[in-house]
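Per-chain residue numbering starts at 1, and chain names A, B and C are given in the order in which the chains are listed.
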Amino acid sequence: MSAQRIRQAVQYLSFVILMYGGRVGIHLGSALPCFACPFVPGCGGFCYLMGLQGYIGFGLVAGAAAGKEVLVALGWFLVFVVSVALLGKVWCGWICPFGLIQDWLSWLRKKLGVRERYLSLGGKKAIGSIKHIFLILIVTLPPLITAKILPPDLYLPFCNICPGKLLLPLFAGETKYLALNLDNAVTLWVSVALIAVTASTLVAAFFKDRFFCLFCPLLALIHFLRPLTALRLVKEPTFCVGCGNCRRHCQMDVRVLDQNISQAQTMECVDCLRCLEACPSSGALSLKFLGFQLFSSSRWATSAWRRKP
Amino acid sequence: MAIKAGFDLGSTAIKVVLTEGAQLLWSGQTPTAPGQETLAKGLLEKGLAELGLPLDAVTQVAATGYGKGLCGLAESRVDEIRANALGLFRLSSGQARHIVNIGGQDIKVIHLDERGRVSDFKMNDKCAAGTGRFFELVARLLDTPITDFARLSELATEDISLNSTCVVFAESEMVSLMAKGARNGDIIKALHASVARRVAMMLNKADLGAGVWLDGGPAKNPALALALEDELLAEVKVLANPQMTVAFGAALSLGV
Amino acid sequence: MTSPGNRHERLLGKVRDKVAGEERALLDWLRSRPDYRPRFQYFLGLLSDRRLSTIESRCERPVIRLLCVQAPLELIWAAGFQPVKIASGSSAEAQFSTLNWPALMCPLIKGILTNLETEAELAPGPWVIPTSCDWVVKFWEARQKVAPGGGEVQWLELPHLKNQPGSQARWLEEIRRLKKFLEKLRGRKIGREDLLQAVMALNRAWAAVIELKKARRDGRLASVWFLTILGAFFLDRLDRWTAEVEAALAELGAGQSAGPRIFLAGSPIFFPNFKLPALLEEAGLLTVADDLCSSERTTPGGQVFEDVSESGLLASLAGRYHQGCLCPTFGDNERRVNNILSQRRESDFQGVVFGVLKGCHPYDLESSTIEDTLKCQGLKFLRLETDYATEDRQNLLTRLEAFRHNLAGE
């Protein structure tokens, strides 16, 4: 069975568990390294970004005196680190429900025969830097909100403009985030921003595979923990002939893949393994868990190009 | 007593050796002509007669050389490179690591490991420059027997050089040198140097610490070995019967 | 008295006879082999009549004459043409044009230049020529001397650096120009669906080639048959050729591999010049893989398409045929050797035989650097320089036999 088929199966399974798991009592905690959205009624786990914002706001500032809150915050941070250490970016390419939604848009674009738009190196860099801005805001805004310097309606600032908050609850029949929140001026602007960000992300993701992943702050957070990850995409440069299949098949258009260097996993990489599947040079690319080989590229594999588009 | 025979059916000469164990009993050669197998058989009979042995004393025959496929007498065939390695390694008492074989129409460079196995080799591509054929041609051109080459080469006084490695062009180069009044000795010395250069190219960067063993018919010309030493900056050793090593190796390939 | 023109005609007649003789000899040899199967007759039949007019009526579409392996075949099929790689492996053809051209010249191009004279239908018609090696670049000029007039050429200016900024974009521009050229010839647009269909057809064919490669690796298919089957690749409709390969594969028996295993690299080997592969067999060496542009590199392989829009497909094709090409004419081609190293992992060969056609300078030069790299990686290496003539068979065989012993560690 090809890696892509397995990935697809895992994506759908994760989608079901993360979106509906709560209805049958599954809850995977509040430190998941993917967009498992807490705003989905009956979801099966929470995205760590929410917890992070929450604990930074409450646990570390307001409740600094209460040691227990700090311990809980550190506990969830540890859970997050361990989750990333185990699976790395597989969280992005295989598990993240918002990733799957973006994959649907790519599928639709291909069905319609619309060409994919590529970003220039500069454009990619500029968009990529957004995720760092997000991260900075995620860390700095919550204390300001707690300290009432910023209005309380901005609580969980990233969630307020995260397209996941609007889209994912729709799958549980929750449509309220589609509407403008007219409670006050702040909520109105926040809901306008949410709709605008979501709409533009969707349009962009239609024309460019996994557009949101380019500036996802969670992906950046996962990447920072890369030295700890057990699961790695590994390139053996002495087997690579530089044919470029990997780069052409890559959803994230990682440019260094076909270069004569051993680095394969860049910041953008979501571990989708399409490169590995498309590589005609046996052993040039492989996915390893603690050095144990799970998948490896093969010259005999035909799955990447035998599939009907 | 198990007598074995090795045939080397070369492009210029047919060589036959008779062995017992690893012992060389007899060797003989005759120029290559049509009917190679009959000629080889003739040599074999001559050798046996000289040793005072009956015709059926030979238990096994191995053939090597370009004519090996035409030899029905031989029950075993071995390629020249391996035969050369086997023969010379034994004759050099296991000392040889690098062999240069100059044959009738090819040059081989063979590298051996410490057990005498071929580790690498090179052979000239479809070009007779520097081979025995080349020497014959020059001998004809200068009207001088090859056996005199070494003596004449020693008498050389002028330093001239033959630039061409191609037989055809070397020939015209020599004709023009002769027309300019160059002496035979000088031309022959230049010729040896040019052959040595060609061989040196085939050895390129190999470390020749243990020296080089030169064999094949033209190795009988000591001036060639000298020229080669000069070019390689390494010791060049020649055995007593350098044209017989390959046939001897063929016989050894039958096992001792 | 006969006029000089007549004499030339009679000389050409003689060349034709000799070529026919060479082809017949090879076909007879193939047919008389113990591993011949009636299924193979299809491929031998294709090879026995390679006239363009025959191919056109067989495929029911006009032919595009191609040199080299960089023009995307899918584009040509999508336009409704049959791509045919023009090549010559005939010793008589190569010899005949020796007097006209440089002595040390690619025998393949020499052969084609003769072929232009012996086959009147070859020259007129559309040609697609990527500027790969110098011989190919100067071919069109030389062609004007032996077969003046007629025929038009679409050059593809091949960027000789793969990793130079902008080289991919420049090559894509050339591919777009090729598309326009084909559209103009055919009088209709090449649509996305046409392209997609051609891509899928080649991918199916390439999946069959992968099975062929496996069969050769496992000793179920002799290398000479592999070369024969790939040699017939351009001579029939792609779907029919593929179906025949699939049928032949289904009939192959169990593997019986004997002798040291080697990888064959270097200059291409074209029908009817099977001197080297036949000698490899005779010397007891088993060829389990190769990287010849006449064999495993006939196409760069299965086409990966991520972006299935028209421009996406074109970009993907262009990239695959350029970056994926291991032609020695590229300046930054140092990773060509990685293909051999990667293949060794599963094809399990101990040595590489590198054949250089006399006058084929890029391969000649590369053989030396590749030799160093491979030896460092523990592979044995034998370089053979030869041309289409047969008189050096013994010399080559001696070396191959010694190489076999060398590989066997004797």
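The criterion applied here is as follows: contacts are C-beta pairs under 8 Å (C-beta built on N, C-alpha and C of every residue); 3 or more make two chains touch, one makes a residue touch a chain.
This structure is a prediction, so every number in the text was calculated from the model and none was measured.
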Quiz prompt | From chain B, the most remote chain by mean C-alpha position | solution = A
Quiz item: Which chain, with its centre taken as the mean C-alpha position, is closest to the global C-alpha centre?
Solution: C
Quiz item: Approximately how many whole Å separate the CA-defined centres of chain B and chain C?
Solution: 40
Quiz item: With chain centres defined as C-alpha means, what is the inter-centre distance between chain A and chain B in Å?
Solution: 73
Quiz item: Counting in whole Å, what is the centre-to-centre distance of chain A and chain C, each centre being its mean C-alpha position?
Solution: 46
Exercise. Return the residues of chain B touching two or more other chains; collapse runs of consecutive numbers into ranges.
Key: none
Practice problem: Enumerate the residues of chain A that touch no fewer than two other chains. | Solution: none
Quiz prompt | chain B residues within the chain C interface of the complex | solution = 66, 79-82, 106, 117-121, 123, 125-126
Quiz item: Considering the complex alone, what residue numbers of chain C touch chain B?
Solution: 358, 380, 384-387, 391-392, 394-395, 397-399, 401-402, 405-406, 409-410
Quiz item: Which of the residues in chain A end up touching chain C in this complex?
Solution: 110, 113-116, 209, 237-245, 248-251, 258-260, 274, 278, 280-284, 298-300, 302, 304-306, 308-309
Quiz item: Of all residues in chain C, which touch chain A in the complex?
Solution: 162-163, 192, 196, 200, 203-204, 206-207, 210, 213-214, 300-312, 315-316, 319-320, 323-324, 326, 334-336, 338-339, 341-343, 345-346
